[in-house]
Structure formats: structure tokens, C-alpha cells
Amino acid sequence: MKSFNPRAIGLALLGPAIAIVASVLVTTLVIAAVGSSPGDFWSTMFDFPKPRSRVDIVNQTAMIYTAAVAAAIGFRMGLFNIGLEGQYTLASYAAAAFAGGAYLSGFANVFVSLLIAVAVGAAWSAIAGILKTTRGVSEVISTIMLNSIAITLVGYLLNKYGVHEGNTVHTTRIDLVSGWTPFENRDGEIWTLVIIAVLAGVGFWVLLNKTRFGFDLRASGQSETVAKASGVNPHRMIITAMALSGGVAGLIWMPALFGKATNFGLGTTFQAGLGFLGIAVALLGRNRPIGMLFGALLFAYLSVKSNDLTFATDVSPSIVQITQGVAVLAVVVAYEVVRRWRARLEQRVVAQELGTATEATA
Amino acid sequence: MTQESVAVELRGIGKRFPGVIANHDVDLTIRAGTVHALIGENGAGKSTLMKILYGVQKPDDGTIAINGREVALRTPTDAIANGVGMVFQHFMLADNLTVLENMVLGAEKLHGIGDRARAEIRRISDAFGFGLQPDVLVEKLGVADRQRLEIAKVLYRGACIIILDEPTAVLVPQEVDALFANLRELRNAGNAVLFISHKLDEVLAIADDITVMRRGTTVGTADPHTTTKRELAELMVGSELPSPETEESTVTDTVELTLANVTLADEFGRNLLTDVSLSIHRGEILGIAGVEGNGQAELVETIMGMRIPGGGTIHLGTEDVTHWHTRKLREAGIGYIPEDRHRHGLLLDAPLWENRILGHQTQAPNAKGPWINRSGARKDTQRIVAEYDVRAPGIDTPARALSGGNQQKLIVGREMSGDPVLLIASHPTRGVDVGAQAAIWDHIKRARRAGLAVLLISADLDELIGLSDTIQVILRGRLVGTFDPASVTPQDLGAAMTGGQAA
Amino acid sequence: MRRLTKLSAVAAVAALALAGCGSSDSGGSDGGSKPAASKDVCKTAKGDGPKIGLAYDVGGRGDQSFNDSAYVGLKKAVEEFKGSCVEGEASDGEPESAREDRLRNMADSGATAIIGVGFAYSDSVNAVAPDYPKVNFAIVDGFDPDTKPNANVAYLTFAANEGSYLVGVAAAEKTKTGQIGFVGGVHNDLIKGFEAGYVAGAKAVKPDIKVDIAYIQESDLKGFGDPAGGKAAATGEFDKGADIVYHASGASGSGVFDAAVEAGDGKWAIGVDSDQYLTATTAQKAHILTSALKRVDVATYDFIKTVNDGKPATSYTTYDLKNDGVGYATSGGFIDDIKSDIDGYKAKIVSGEIKVPTKP
Amino acid sequence: MTTTTTTPSPVSRVRNAARANWLFIALGAVAAVSLVRILTDTNDLTSVGTIRAAIIATCPILMAGLGGLWAERAGVVNIGLEGQMVLGTWGAAFFTYHSGSPWVGILGAALLGMIGGLLHAIATVTFGVDHIVSGVAINLIGVGATTYLAEATFTDLEGGGPRQLIGLPTPTTIDRIPGISGPAADLADKHWFFISDVASFVAALTTKISLLSLVIFALVVASGWILWKTSFGLRLRSCGENPQAAETLGVNVYLYKYVAVLISGAMAGIGGGFLALVASSGFSTNQTNGRGYIGLAAMIFGNWRPGGLLAGALTFGYTDSLRLRDTHAVHSLLLLVAVALIAITVLRIVRKQIAGAVAMAVPGAALLVWFLSTDSVPRDFTSMTPYVTTLFVLALGTQRLRMPAADGRPYRKGSAG
């Protein structure tokens, strides 16, 4: 429908609106049910964030958004890359290990490390693609298995080649890339490589809407048989899309590595779980660049602000996970309902405009 | 049971879908102990009416009376309880389940799911000569066996009103004969059989009564003993029957497509195509006649690069394209009107202009290098919509919202764009209204005059004879005969298609 | 009352209508358990003394391990110095910034002593401490990640290998089969230290003793929260002939205790970090020989005390046998008969006569 | 939906043969393990203790897989098993604590799992949401809700904490069955070829086994019976094979799908309950640790059939418990897998499937070399074993697997014809 059609916009906003209402409602009910005060909870959550929280939210949004883009690349062609978690863990380790080796200096080191992250993520993800095309293995199952394997593998490599310091093991420390400090120094900085998220988002949009490859990708997602008849090579498409998704996944943690962490350490500097958050946000944002931006912002906001809960309320921060999960479920249900309304509406519109109400189709 | 007792009486049935009226003012009377044929073009509303009678869909208006009693059929269960059974055009069987399991499903209370049921199946099978083995997986059954299983399913439930939706579409003639023998036995046993078809020969051969539907409603009845095929056909289309006029030959000497000994096997090593050789010249339309399921779809998919042949070669012009992929073939100038437009031709949820790009992603005006040329594609979509009379509110409308005919016109327009050298047209006018049908014929003929080579596959023999320069008949994956459309009759073709007499 | 509303409400949320459960639980539980508030000193303490921030590692208060131990020290200090406190807890997969934010929130709320429990706080304290020169920080198991010393950070480390050595001695003396076991949560350097001390202690008593070693996970920190894995690993060792199994596996330890219970009489488990006899269930108590103590409570209390005294501790403080920062527990009285032997080894370690290895 | 590639390969010829030889294959597997045990002198490979541990490790996976089986047989892919399972762990702890009876706790676990299933059914059946999407969301909710509920309800309990609740009563354990347990254990200790291995199984199944384990094995048998031998099961399966056909025959497809997904959730919940009450006798947050996913893999491994699922779950449970108990034994497994691969190679050469034979021979030879040239497997690799095994099985066997024909496809009423 035309972009300025108010009814279409209304319908488009209806889904998220229902989801937000549902998740707020469920969260409130759960809090009230265990005897805590939903008022305290919401006032803490809606309290305008402190400067350093604002910085954290931006940084977290960037990483979650990159993860969501990675997930969405697969989703848009009907591939469920559940393996983001393993892909970015392995890629982050590889990039951090390379950067720590300091084979190159300054910008070159950073750049090549990023390339390595992309390559490793893509390669790990492509395994699932190859298994699917050559052996018919569902990517859902294979990527779940690859997640577990990747995490164990990284632990092994880290133990074997990492720096043992105190009670931790990590990769060699690297020099940070200085970021942008919008507030006082102590409030932290917005990392330079947050730009990755911007590039990922814009790149995703351009790829999807402006390129032949993107068209093929979307066509494959809508109907495999139609895509094949239109000349898309389904096997190559699956492997390419998986690799692309994994490649972007490889970049997820890079802003943090070069902005703050200085090294990769399991349980310490490395932030696990972004892959699964990315999947959730991709679903929440319906795999659309802008939708996912809002989704990532919402998730980042919720998790950063949930830190304040322990100080101000007796509500446990883990409540936020319920809010996030309900939001995802509610949004997919709401969209399905809206889609059905819209399909009916469009058929009616066409029929009215053509005045062919008597034309029979059976 | 007397000939005069009425088994089913439909009065004033109406059914509306969002934006479409599928049935209105349908009246139908079926006598017990007869075979009643319901005929009409694709899209005339036959299937919807049958679904209403079987309780799959609820009518918005009208009444249904069965054996003189008015009934409300909300679900298939209600229909079954009232003695109505249905054999769907697309069989409703679960491949992974056995014959027995498919048979007793939903009717477990009758004879259990064990040995009693097994015995009952054997009884029915023996009574009508169905030859069913209860413990075989359905996936191993051939088409005719599946159909007999479907009929047996209906009988198992004690139905006395049996609906068959286009039962002969997938059968070879011997199987059709066997089916008709079964139907006659059913009739003689006192059942009412409702037989849906658009094959007039068959209707005249089997039916006791005929009702004709057009544009969602019943338009008349006919007596098979006195009426002619021509009359029936005109009743169906509501006017003088259009027929593609043969034109003078435009066949040139340049060969555009050559298949030499092409062989294709399925994953079990059975041949789907055997030694298929043919050639099409520029300006020639080669028609392929055959009963559905004899390798036509595989032939098309092989030429289109969607399947890779196990043996033989395919040349486009002088180029060996045997192992080319679909994309490359399309870029080389092959247009493709697929048999099933929803499965192979359109992205239903995408707007028309994106569907214009489909299949031509790499070609002007849709693309510039690796980029999609949005404005070019949109402009060209406008052109197609205007030239091919695609009735749609705009090019941003999703394809799903269009009627079948308009969807098909869009596909034809798309595939004719960019001056193809070869057009593969599979059932180009199937499910299309009469006006659109004539328009599509005109477009194909015009392109032929301009030197296009066309491979035409159709179940409509008149269409084949009217359009083609040469007709070849395909039977069980082999080309079994070549005919000159100027002299051949549908009867000759029919005989060849069924292996009666290979010419 | 509060508990009751919680319960019935949860039941309502879950849409559970199991009448049996609801009624049996509301029978007489009202006064039965301690009200929640009394358990949490930070909810009630409003004293004018020092305000203390305690940032827990994943698992938080209630892990019946070192987080709880830190809380014990905190509670003692708050009550003694009439102070107040604020707590925060890490969650799985949280970013570094969340830990920093937690520490800064505590500092901003006026805490003058802030303790991060667990080595994961090392980097965050290092980043935060310079911004709050008037606040004193401490990290349990922590270390300074860079060469620039922090003037207001204390690193509280533990010679866990020494405590493990003593329980190794106890195990070797008590074993009847000549075979003992060890279950580690995660095969990392920290836990390897426990293993090394334990094996060394056992071999010191019986050089030919057989020690089975098992780890629940190699690198995945889930190994500290997998009681089923702990139980399977310990059962394996009992099956193979060990009669005493020492665990250093955090919350997975409850599975190790259960394995000992199921293995039957004469089979023992040894606890870790805190005196786990005290928090164990009745059935488990009969099988907990001793526990290797890592006195996080002492370290926590000591640190707060130095702050309260105006002479805040900084730099590295190692808690070992010498200052009773590690040790072993005697609750249950199962090792009273060999206490003098163990203390003999202890004296030798304190005197430096025995050097306990830190790596297996 | 392309969650699982449909592989239209009706190799049912093979499958029927396999079914006929089911017992033969099982015995062959035992013989192979026995051979490796004797060759490598690793008696722990089939000791009573190992098998008992394997059974305990198997049960939760089995229940998750059984949950998957019920849902997928009715055409609903349930990737939310993990979430339903984790809800079950909380339910088991909560209800056991407050009722004092572990059996009430198991019912509670089933109930909580069912709530997860209900959510999934509403989303996928009523609203036609993509099954994977809904499953992912349910996993999020399940984990979040469990963590939150545990903090809210267990913190102040005796034996409880914000993340755990221990000291719960456990379901009855059968200590021994007189006349069977003893002789079987004696026989197992003799370490004879084959006989002792079988005796080990018998001993493990009759000695110190939780009644709940037996209930779970009974549930597998019962599920098989219900799904394949009753009209209820036939109707349910028809919804997974061809819901349109089922609808035309008067089957209320929505109802059966709902029932199937609810049972699926309950099964996964019971799996969580087993984990909390038997495998570790106490609740702790996130203790499922991905077992829901493994259960799903086991079900696919088992070709959507109870027998196969049991074999798959046992394989996972066995390798997982072996890795925890004896790393040396894992080294012997290398030989076992190598032997198996080489056996398949020979079989394929006999059948003249040369390409397939090479595909088996290469990893087989590599494993053999690895086994012969090393004394142990790096510990890290042992933790990967279950996952790598799954990948291998799927990669080598997917062509033979056949999922329900309409599995994962959205279905809407009135779409028949």
C-alpha cells in the first residue's frame, strides 16, 4: 500500500502497540502477583536514565542491533540462524586473539581484526548452510549444536593460548580505540565502532531493497519454489545468506572489544547472550531495519535500567526477561492478526475499486 | 429406491468471500441412483459449491435438503453423518499412513482401527474390485489406487451421496474406464454420484443428468441423451465458443531450441523423461499434448534448468545449455509461463512491480548492474498493466489481491517483455476468463509472427490445435507421436495421448 | 503473612487450581518461617556508621557459597559498626558496563566501602576507583589488571590451595578404600589450585593414594550451576571406589552431597568455601566430612573494619592459613579424632616447612 | 517455513527392514561396545554405575524428546521445549516443597510445562505464528519467569535461595529387586564378553533406580502405544501428516493440535521435574542447560519415533555421563565410533555405494588413527561429544529421516480442497 496511506500506517503501528500493551500488562501482573509494587517498578524504569546509563544504552543498542541484523538476514529468506551465539563467540575470540598478537599496528590492526571476525563468523555459520544444502540438515538443529561446540572450542583455545592472569584467562590486552565522550569522562564513552551497527543497518536496508541479491533473498524467503523458478540458485543462496548472517554476527561484540574490553575473557570481559537477544529483537522488529532499531533500543534500555531496580525497589531485575519474552511473543501474534485483517482489507479494496464483486473465483 | 427419489436438493445457495461472490442463487437437484454431472469452466464456482455440500464451508444463503430433509452442514462431520462423502480433486490422503489408517481416520467408531476395520476394507474392496491392501503405505500407491482408496473411504463411512471433484484429470483412459465402471456399480447400488468435470466427452459418457454452472451460479440443465458437446460448451461459456484461429505458418529455418535424447530420472532411478528429442524453430509453436502427469512438468523444468537431465543435450540456438542454471537460461532469453502460477510464478504478498522483476532480476529495465532499478521496473509494470489489461488498482497492490486471470495476464506480460527468443508456456490460459484467454492467445500469436519460438503445453486440445504449428504427444515420459494441427482431430490426439494408437 | 500472599498470588498467576497444594501450604506456615525482612540486613540497617556496598557475583546472596559468605561478613560489620549497606547482584551475560554501573551506583548512593565479590569485578573496579578517590574498594579474588597501582583498592586473595591441602589430609586419613575423589566445577586456574592443594595434602599422608579427578565443565561457567552434573561426576567416583569426594564446584556441590547420600553409609563429601554442613539438608549433614573454608566473610569484615578504623586496606592482602583466612570446618564432629594431625600439617604450612603447590 | 528440509525420500524399504532388525541392531550395538570394552580394557564403559548414570542423564532428554514427538506428530514444531522444561524445574520444586510429595511436584512440573505448551499452542495453532518464532519467545519467557519466580518464592524457604531450593523429598527409589539385581550385578562384574554388558543393563534397571525413571520409560512405551495403536493417536498423527485431509474426515484439527502441544509441554515439564528431583535433587536456576534442545535433536535422530528417540536419548545420556565419570572411557569411544563407521563403509562397499563408502571411510580412518596415536582425548573435546555426535548423525542420516509431512506448516481451518 502507498506509504502515506494513514490506514496502512495505523495498521503497521497496531502490532507494536498491542505488543507493548501486552508486555506492560503481563509484567505488571507478575510483579503484583508476587507482592511487589508495580508502581515502584515502573517509576524506576521510566525514570530518565543517568548520563552514564545513556551512554551504556547507546553502546548496548549498537551491539544488540548488529546481532538483530545478523539474525534478520537469515530470517528474511526463511533461514533460522539460531547459531549467532556461537558464531560471534568464536569470531570475537579470533579477532581478539589476532588483535592481541599485534602483528599490525594502529588502524590496520583494528581493520584486519574486524575482517577476521567477519571471516570466522561467516565460516562457522556456513557449516550449517553447507550441511543444509548437501545433507538436508535443518539449520535450526545444526546451529544449536554448533553453538555448544563453539563455546567449548573457544574455552579450549583460550585455556591453551590465552594469558593466565590472576584467576582469569584472556587474550592479550590491546590498545583501545578512543570513542566519543558526550558527558563527563567518568560517564564513559560511546565507542567508535558503534558505527558498525549503523553500517550494518544501512547496509542491510540497501542490500534488501536496492540490490538484486536482496531481491533474490526476499523472494527465497517468500516462496522457495517461486524463487527457484525465477532463477535463484537455492543452494548457493542458502550458503551465502548463512555466511552473510554469520559474518555480521562476527562483528557483534567488536565495538566493546575495541571500545572498552581490551581482551576476550569468558565470564569476565566477553558479553555472552547477545546472539539470543539479537534473535529476539529481529523478531520484535519484524526483520525491518527501523523496527529492529526500536527493538534494540527497547531491549538495551530495559537491561541497562534494570540495574537500578536493586537499589530502588524489591523487584528483581530478572523480571525484565519476562517483559522481553512477552513483547516478542505478543508482537508476532499481533502482527499475524494484523496481517490477516490487512489481507482481507486489501482484497476488499481491490474488489471495490474494480467493481468486480460478481467475479467468481473458486 | 426409486429413480424419482431426490437425494440432494440445493436451493438458492450463495457464498461470498471477501470481495468475491463465489456462488449465488445456485439450485441443484440430484436424484438418488443416478450419476449427476456438474460442469463448468474453471472458476465457475463448482469447487466452492462442493465444499459447501461437504460442510467444509458454510453457505451465506440458501438451503440444503438431503433425502427430503433440510440440514445444516457446518462441518464435514455433519455431511458425513448425513451420508455425504467427497473425493477431492487433490487427494486427501496422508502418505505416511497406511491404507487402513487413512481409511478409518475420523470413522474409528464404525469398525475400530484393527482387524474388524481390516475385514471391512477387504469387503468393500472386493465388492467393487478396488484391490486395496490395508497395510500398505499410501505413498506406495499409484494415482488410480489412491482414487479408489478415496472412493472406498467414502463408502466405508456409509455415504450414499458421493461427490467426485474432477476425478479423471489425473487418470489415463484405461483408468477412466475402470473408474466409470466403479461409478456405474455405485449408481446401481442406489447411491447418488455427483461428478464434477469440464471434460464433456466423459460427462456425456457417464452422466444421467447434467447441470451447468457459470460465473458462480447454475445456468441450466441438460439431458445427456439429447444434448451435444457444442451445446454444452456454449452453455458453459455463455456465448459462442471462442477458438483460436489457425494462422498461416511463420515457421523459419532457424532452429531455436533442440532437445536430443534428453533423459531424466527421479531419485529412485525411475525415468520421468526418456529419450526426448524435439526441436522448435523461430516463429514456430510446438504444442505438447498429453494426459497430465506424463512428464510435461518435468520436461518444462528440465528445459528451464530447474532439473538437470541425466542424459542427452539441450541446445538454445547453437549454444549447449544442458547444464545451465535457470538464471542463465532466462538471461539468454527464455520466457516462462509456469503451470502453477502460485508455486512458480508470483510472490503473492509482493506488490505487482516487484513481481514484474521476478524472473528477470538481472535484466533491464529491472536492474542496473547489481542494483535493482526500482523506477525502471515500476514504469515497465505500468506498461504491462496497460498493454495486457491487468485489472488492478495500482502497481503497489499485492499480487494476492488479483483474480486468477489478472495474475496470469501479468505473468504473460512479464514473460513477453524484453523480446524473448523462446517462450515456454505451460497451460497459459488455465483458470482464466474467456476474455483474458483470447487476449493471451493474441499475444502469443503476435510474438510468433515476430519470430518467437514457443513450446506450448496445454490440456485444452482445441487450444493446442488452434495455436500450434506442430503437435507432439507425450506419454509416460516419451514423445510418442507428431501431428499436423491442420489435419488432426481431438479424437486422434486423445487416442495417441492414451497410448491407443501411436502415430 | 507476606510469604502467604506471595504464594497464593503466584499460584493465581500460574492459573493453578490444584486445591490440594494451596490448602496444605496455608495450613500453618504463617508463623513457621522467618519473615523475609529480618534476613536482609540492608533492608533494616539504618545506622550512621559506614555505608557499605556489596556487589555480588552471579548467583548472588543465597548461593550458599562465597556470595553468602561475603554477606555474613557484611552483616557482622554492619551490625557491629552500626552502619548501613546496599547490595547488587550480577546477572548472567551482563556487560562490563553493568558491573561498573553497579559500583558507581553504590558510590553515588554514599557508600564509603565497596566490595566486589569475584574476580570478574577486577576490571570494573579498576575503571571506577580513580573516579571516587574517597571511596575504598575491595575485590574478592581480585587482581590489578594494569601496572598503574590504585590507591584506594584492596585485592583480597585466598590461598585456597592451603585449605584444600588440609581437607586432602583429612580425606587421606579417613579413607578406607585408599581412593578419594575431586569434583571441580570448571577446569580453570582458580579451581586447579583447589585440586593441586587437595592432591598434595592427600599424598602427604598416603603417597600411594589414588585420587580421581573430574570436572563438570572445561570452560563453560555453567559448571558452577549444574548440580546434576556434580552428582553424576561424584557418583562416578564413588562407583569406582572412592569413599570421599571433595568438591570445588559452587552450586553444583549440592549434587555432590546428594551423591554421597545415595552412595550410602561410609561415603563422604567435603564442602568448600563456607562451612557447608551448616546449610546442608539433614540427610546431607551425615555425609559432610568437613569443608575447606575460604573465609570471604573474614576478609569482608576485615576490610570494612580497616575502613571504619580510618586506615583502609589497599593493595594485595592474601588470606591464608597464617591469618586464618582459609581453613577447614569441624562441624558435625566427624574429624575430631584427626584434628591434631591436620593441625600438625597446618603448622608446617604456616611455618613454611610445607609449600603447597598452586598447580596440579 | 524451511525449518527442516523436506527430503522426499521414501526409503521405507530400508526403514521396514530396519524395523524388522531393530532388536538385531540393538544387540549388535551392545556387542560392539562390549568388544571395545574388552579391547581397550575399559570396564567402566558398561559398568552398572555408568549405565545407571546414563539412565539418569537420559531421562530428562528423553522427556524433552517425547514432548517434541507429541507436538511434531501433530504438525507443530516445538522448539520451546527448553522453556517448558525450565518451567517444569520450578514447578517441581514449588509443588514438592509445599505439598511434601515429589509426585505432586511432578504433576506441578507437568502443569507448568503445560502452561508453556498452551502459550505455544495459542500462538501457533490459533494465530498461525511461525513455530520457531513462537518457540524462541517461549524459551525467553520460560527462563525469565523461572528466574523471577524462584527469586520471589524460594528465597526465604528452608534450603532455598534466590537461585535454588534443595533438600526436597525425592520420588521413591527401588533399591533392588530380589532374585534379579544380585545375580545380574554378579554377572556384570565378571566382565565377560556381551553377557556381562547385558547383565549390567539388567542390574542398572533393577537396582537403586528411581521409580520416576521407570515411569518415564513407561511413558515412552505408552506414547508409542497411544500414538500408533489408538484412534486418538491416529487422529493426532493425521494432523501432522495432512491436516486438510483430517479436516475433511471430520477431525477437529485445532483441538488435536492443542491437545498434542499441551501434552508436549507437560512431557517437557516432567523432564524438568526429573532434573530437579532425581538427577540433582534440588532446583537451581537454568539447570536444564540446553537439554530441551538436545531432546529435540534426539527426536530427530530417532526419526520421529519413540524407539528411535529412546536410542537417541540414550546415546546422548551415555556420552554425557561417560564424559563426567571417566575421561579415559571417552577415548575408547573413539574406537567404537571408528569401528561403527568402518562397518558402515564395508556395508556400503557391498552395496556398491562407493561415494557413500568414502564419506564414511575417511572419518572412520581418521578416528582410528586418532585413537591409536593418543592416550586420551582433550577434556574439552569430551564435552563436545554429544553435539558433534548429533551433527554427524544428522549429516549422515538425514536422507533416511522422515518427519511428519505437514510438520511446522501453519494450518488454517477451511483450507481443505
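The first chain written gets the first letter, and so on, giving A, B, C and D; residue counts start at 1 in each chain.
Rule of thumb we're sticking to: a contact is a pair of C-beta atoms (placed from the backbone, for glycine too) under 8 Å apart; a residue touches a chain by one contact, two chains touch by 3 or more.
Since we're looking at a predicted model, the values are computed, not measured.
Between C-D and A-C, which chain pair is linked by the larger number of C-beta contacts?
It is C-D, judged by the count of C-beta pairs in contact.
Among the chains, which has its CA centre at the largest distance from subunit B's?
C
Rounded to the nearest whole Å, what is the centre-to-centre distance of subunit A and subunit C, using the mean of the C-alpha atoms as each centre?
Distance between chain centres, rounded to whole Å: 36 Å.
In whole angstrom, what separates the CA-based centres of subunit B and subunit D?
About 45 Å, centre to centre.
Distance from the CA centroid of subunit B to that of subunit C, rounded to the nearest Å?
About 74 Å, centre to centre.
Tell me, which residues of subunit B touch at least two other chains?
47, in rising order.
In subunit D, what residues contact two or more other chains?
Residues 149, 152-153, 162, 380, 383 of subunit D each touch two or more of the other chains.
Give the residues of subunit C touching no fewer than two other chains, as numbers and ranges.
Residues 6, 10, 92, 187, 218-220 of subunit C touch two or more partner chains.
Provide the full list of chain pairs in touch.
A-B, A-C, A-D, B-D, C-D
Quick one: in the complex, what on subunit D touches subunit C?
Residues 44, 47-50, 52-53, 56-57, 60, 91, 94-95, 98-100, 104, 107-108, 111-112, 115, 149, 152-153, 155-164, 166-167, 208, 275, 279-282, 284-287, 289, 320-321, 324-327, 379-380, 383 of subunit D touch subunit C in their complex.
For subunit A, which residues count as touching subunit C in their complex?
Touching subunit C: residues 29-30, 32-35, 52-53, 56, 59-60, 151-152, 154-156, 158-159, 164-169, 173, 186, 188, 256, 260-261, 266-269, 271-274, 303-304, 307-308, 310-311, 317-318 of subunit A.
Looking at the complex, which residues from subunit D come into contact with subunit B?
Within the complex, subunit D contacts subunit B at residues 8-10, 12, 229-231, 234-235, 237-238, 241-242, 244-251, 402, 404-405, 414, 416-417.
With touch defined as at the start, can you tell me which subunit A residues reach subunit D in the complex?
So the residues of subunit A touching subunit D come out as 30, 34-36, 78-80, 82, 131-132, 135-142, 144-146, 148-149, 152-153, 155-156, 159, 224, 276, 279-280, 283, 316, 318-326, 328-329, 332-333, 336-337.
Sort out for me which residues of subunit D touch subunit A in the complex.
Contacts found on subunit D: 1-5, 7, 79, 119, 122-123, 127-130, 132-134, 136-145, 147-149, 151-153, 162, 290, 293, 296-297, 300, 378, 380-381, 383-384, 387-388, 390-391, 394-396, 398-399.
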